[in-house]
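The structure is given below, and queries will be raised subsequently.
Just so it is clear, A, B, C and D label the chains in written order, and each chain counts residues from 1 on its own.
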């Protein structure tokens, strides 16, 4: 006896992550503990509530929200949730969905850029090449605010000019090709 | 030749929607021995029962099968109906085609076929049934009440006032239970002790009530109407008859720094102590763990000062045996501590307390004489935060159920605080306000509107201490989950109500069933709320589930009326579903070989040896004999018997074999 | 038991002093180990934010490499990498589909049965009981042990003791002669992956942490995560702006503190690489 | 189509039977290949019944009663367990596949567990396939046990 599910964002989230949004009874404990809730446009509990409504307009608001990108994956919400709802997993999925549907919140540009720069660096060297990563990030975002840090980092020997590569780069490329990589 | 009638019930849609009842009736009519079969919307209804009675007479049936709900629900109903129409009630069986069929399978051929099979099974069983006469047993008209909280007190008084003997057993040195710890009670705000203590005194003075305090049930034997209870009366180290309760000993006792259980460890007591001034009985107890004499062998100051020489250091536990006809469980509940909640400080912050501790602070007889003061430094809190559902509705860290009483007592706590500290600031973090009860909602509204208690809908994520303040990080979900941070002086957790410790052990000792949370289970969730599945044992109060005072009291009176009903006859009838050892004419007398394995198997000592004599009185054979008064019909002996000489009425070998054969050979229908 | 260490990218770059101190402390404790051969990045926050599958496969390659090299134990000093590796291991062991997916992407069947340790519990198990280790220079300091998120959460994955108020670092600190303080921010988030992408938030959160530590009289912070260190150490200028005061409290890696107590020279422990000078030790 | 095993469940009236009632009250669906025979107590169950059931064509059997210590009659379930230990050895000895008999404790509160047990058993019996071997020898058996 299987119930036919609407193909809403909510049902997809529940299917892909295995997290049951419907279990949330809106106690708000996640929002209470979230370190960045004050910066968010919608608090974690509100995001879950919006998903619960199964309403397409609200679903789009969720995907366009800044909140999903502000989430630090610090897991505080999950470890205190009385209903054991793994919110960070939901956030992960929503982020990927919002990129896929080109709905990334403008304020999150820098964050996404940083993530992408990071991944492309790995794709090319197998390891994080900080200089390359920073450079790409700075160029993409035209944000040179704390470029001043770099010289210090060199002085402290914290930055290598040349990347340290993984020898067997093929395997890395392979991994990227096999895991439907999003264009960096 | 058997003439069996089969009656198929639709139970409205419950069965009718999934099982093709007409077809079941049609197919069963083809079964050998079935003379009549019919389906009907509601068999248990009055017309339904009349239909059965009418058919019995018209078809002069010898046996009846009713295919409907679980026999645990309506077997008595139909057996009664049939016996009124002249069929022996034990010639009636029920096929469970609702709980075990229509409700658990989807509509379809297979489900209908299963219903037919279940009917077939019962038809074959009935063919092997024998008419039986119910057994009469005497009833001992005395009741044993376990637990002397408000529920136990109410039950005892009701039964005693109906003129029956009552033995009230209380684990603690005094009766009164949790209610005696409360300050005021919702929704009337009248003082708990003022309404409770008179009842406690009544108990002490009622000639029909024998109060055994500081005691626990050791063991229980027997069955409804005829229980034998052993009660362990713990050594008080005080001769209760000699002691006048003058209290001199407690004032002179040198070890004074023992945390007081009655004050939820917020006050101190002495080693020889009375839990609280209005205790009943008002006789002290020596707490041997903490008494200097028992620890190092000297002191005995209490003995020296006692004017009536009532101290008995050598006193030992005493086992008291009682015969009772009924038992009422009123063992109450417990509240969780603060230490199981990591995010609220693992119990390391002194000023994070439980609701029950707050009751003691607010109580005029409490450690602070009614002032609300912080346990840490005795300051009066200017900002206080109450956290509802601290453990309740929290499958992750607490329990999934709602503790029911917290919404109300938290509102009350906030009110009491505001009355005592008018300029203070009280906030309550809640998820829902469950105030269903007479004048309850009004009470909560009063807290919000008149006493200006801030209700914030949201749960608290964390509490931590900083510069003597408790930082409470919560959220307001009505503002979209906006974080709310409060610097409080004191935090009160409405911790969950859970089963009292030892509940599981007790349940196992007396064989009543209990749920996953160790609360005792009632016989039927709706129709038999104060009975257990064990005949003669009843439930009162919070040992069944968290309850407030009025609910506990009404449940207590309910249980009492059940007991009084049982005691209204001097003997009661029991189902004859018991074991019997076969007998036959000389020279065999019985196939029993006299190995008496059955005696060792019987949990009720219901089997004894019997000497069979010939007409000259010469002993021919010694065989087993079942005492029908004691046998409970578990049938363990039957499975043990190697010579098939002992069998159990209603579940005989013939009946079971017939059932098995019927179930597995459904090709006939 | 053959032990491998997975340093991860930070410990090779911005947090090299952490690796330096880890290596030298392990040496001092006579614990033999080898680096995971030809290791790659675990994908960090970026991967599980943008590409779930990638975030599963990258760490598996590391686990596989360690296992293929015949190791039974894997020490991961970086809390972030540790968390990723543990998460993936749990996924592989509990979910057949994941296991299949990962194996195909790696062209090999991965068992993922290797024991993965974080630095804190590893040090506890190898120091607290040991009699022969000598702390010739007890660290007579009031220290605030900062665990952050990834070491202790989620409990179901990392199974760290007492997630709301862990005590293991404190036990270690007592052992090396320091005095751990009781404070409120030991498991609050510092801003983690936003180090470069959202410095404002990092500064805000890190400021709260440092403030509480200072208010309660801590003389230094002890951490076990390169990201936490970067945020608490490198972001000082912004933090000082927020708190409107100088904040000079140094931030040491757990292994650096232990190293000092073992009498190892500050330079060898990479203490000179910190932005906030570690004075008078 | 898949083979539908015939499975008989011998259950105690106080725990498992009530538990199965609860499964119904909570409307939890389960396979209809299992049919229940009600006993006052698992202690009542003479293991001859199991042989009888196999003889009559059962493919699998469930025996279920109260959890240890919860027996309505103090110790019936313990007797049943002890007897089962002995009996299992006998079964293996005479070559009856004891995997076809599932022993379990299910309380009156465990409705969901009953549904689980049924479905699990049906699945495992389906894997074992129909049980015909024993019925061959059973003819003689029937006579012997039913004369009791």
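We adopt the following convention: contacts are C-beta pairs under 8 Å (C-beta built on N, C-alpha and C of every residue); 3 or more make two chains touch, one makes a residue touch a chain.
The model shown is predicted, which means the values in this text are computed figures rather than measured ones.
Engineer: Which chain, with its centre taken as the mean C-alpha position, is closest to the global C-alpha centre?
Structural biologist: So the chain sitting closest to the middle is B.
Engineer: Centre to centre, by mean C-alpha position, how many angstrom separate subunit A and subunit C?
Structural biologist: Computed from C-alpha means, the inter-chain centre distance equals 22 Å.
Engineer: Determine the centre-to-centre distance between subunit C and subunit D, using the mean Cα coordinates as centres, and give it in whole Å.
Structural biologist: Taking the mean C-alpha position of each chain, the two centres sit 55 Å apart.
Engineer: Please tell me the distance, in whole Å, between the geometric centres of subunit B and subunit D computed from their C-alpha atoms.
Structural biologist: That pair's centroid distance is 30 Å.
Engineer: Which whole number of Å gives the spacing of the CA centres of subunit B and subunit C?
Structural biologist: Inter-chain centre distance comes to 52 Å.
Engineer: Could you pull out the residues of subunit C that touch at least 2 other chains?
Structural biologist: Subunit C, residues with two or more chain partners: 163.
Engineer: List, in ascending order, every residue of subunit D touching at least 2 other chains.
Structural biologist: In subunit D, the residues touching two or more other chains are 29.
Engineer: Which subunit A residues touch at least two other chains?
Structural biologist: Counting only residues that touch two or more other chains, subunit A contributes 1, 76.
Engineer: Tell me, which pairs of chains are in touch?
Structural biologist: In this structure, the chains touch in these pairs: A-B, A-C, B-C, B-D.
Engineer: What residues of subunit D sit close enough to touch subunit B in their complex?
Structural biologist: Counting only subunit D, the residues touching subunit B are 6, 8, 13-15, 17-18, 20-21, 23-25, 27-30, 32, 35-41, 43-47, 49, 52-53, 56-58, 69-76, 79-80, 83, 107-109, 115, 145-146, 148.
Engineer: Residue numbers of subunit C touching subunit A in their complex, please.
Structural biologist: 9-10, 12-16, 38-41, 43-54, 56-58, 61, 104-107, 149-150, 153-155, 163, 188-189, 191-194, 196-199, 201, 205, 234, 272-275
Engineer: Quick check on the complex: what are the subunit A residues that touch subunit B?
Structural biologist: Listed in rising order, the residues of subunit A that touch subunit B are 1, 25-34, 37-38, 42-46, 76, 80-84.
Engineer: Would you tell me which residues of subunit C are touching subunit B in their complex?
Structural biologist: Per the stated touch rule, the residues are 162-165, 184, 212, 215.
Engineer: Residue numbers of subunit B touching subunit C in their complex, please.
Structural biologist: For subunit B paired with subunit C, touching residues are 342-343, 345-346, 348, 462, 464-467, 471.
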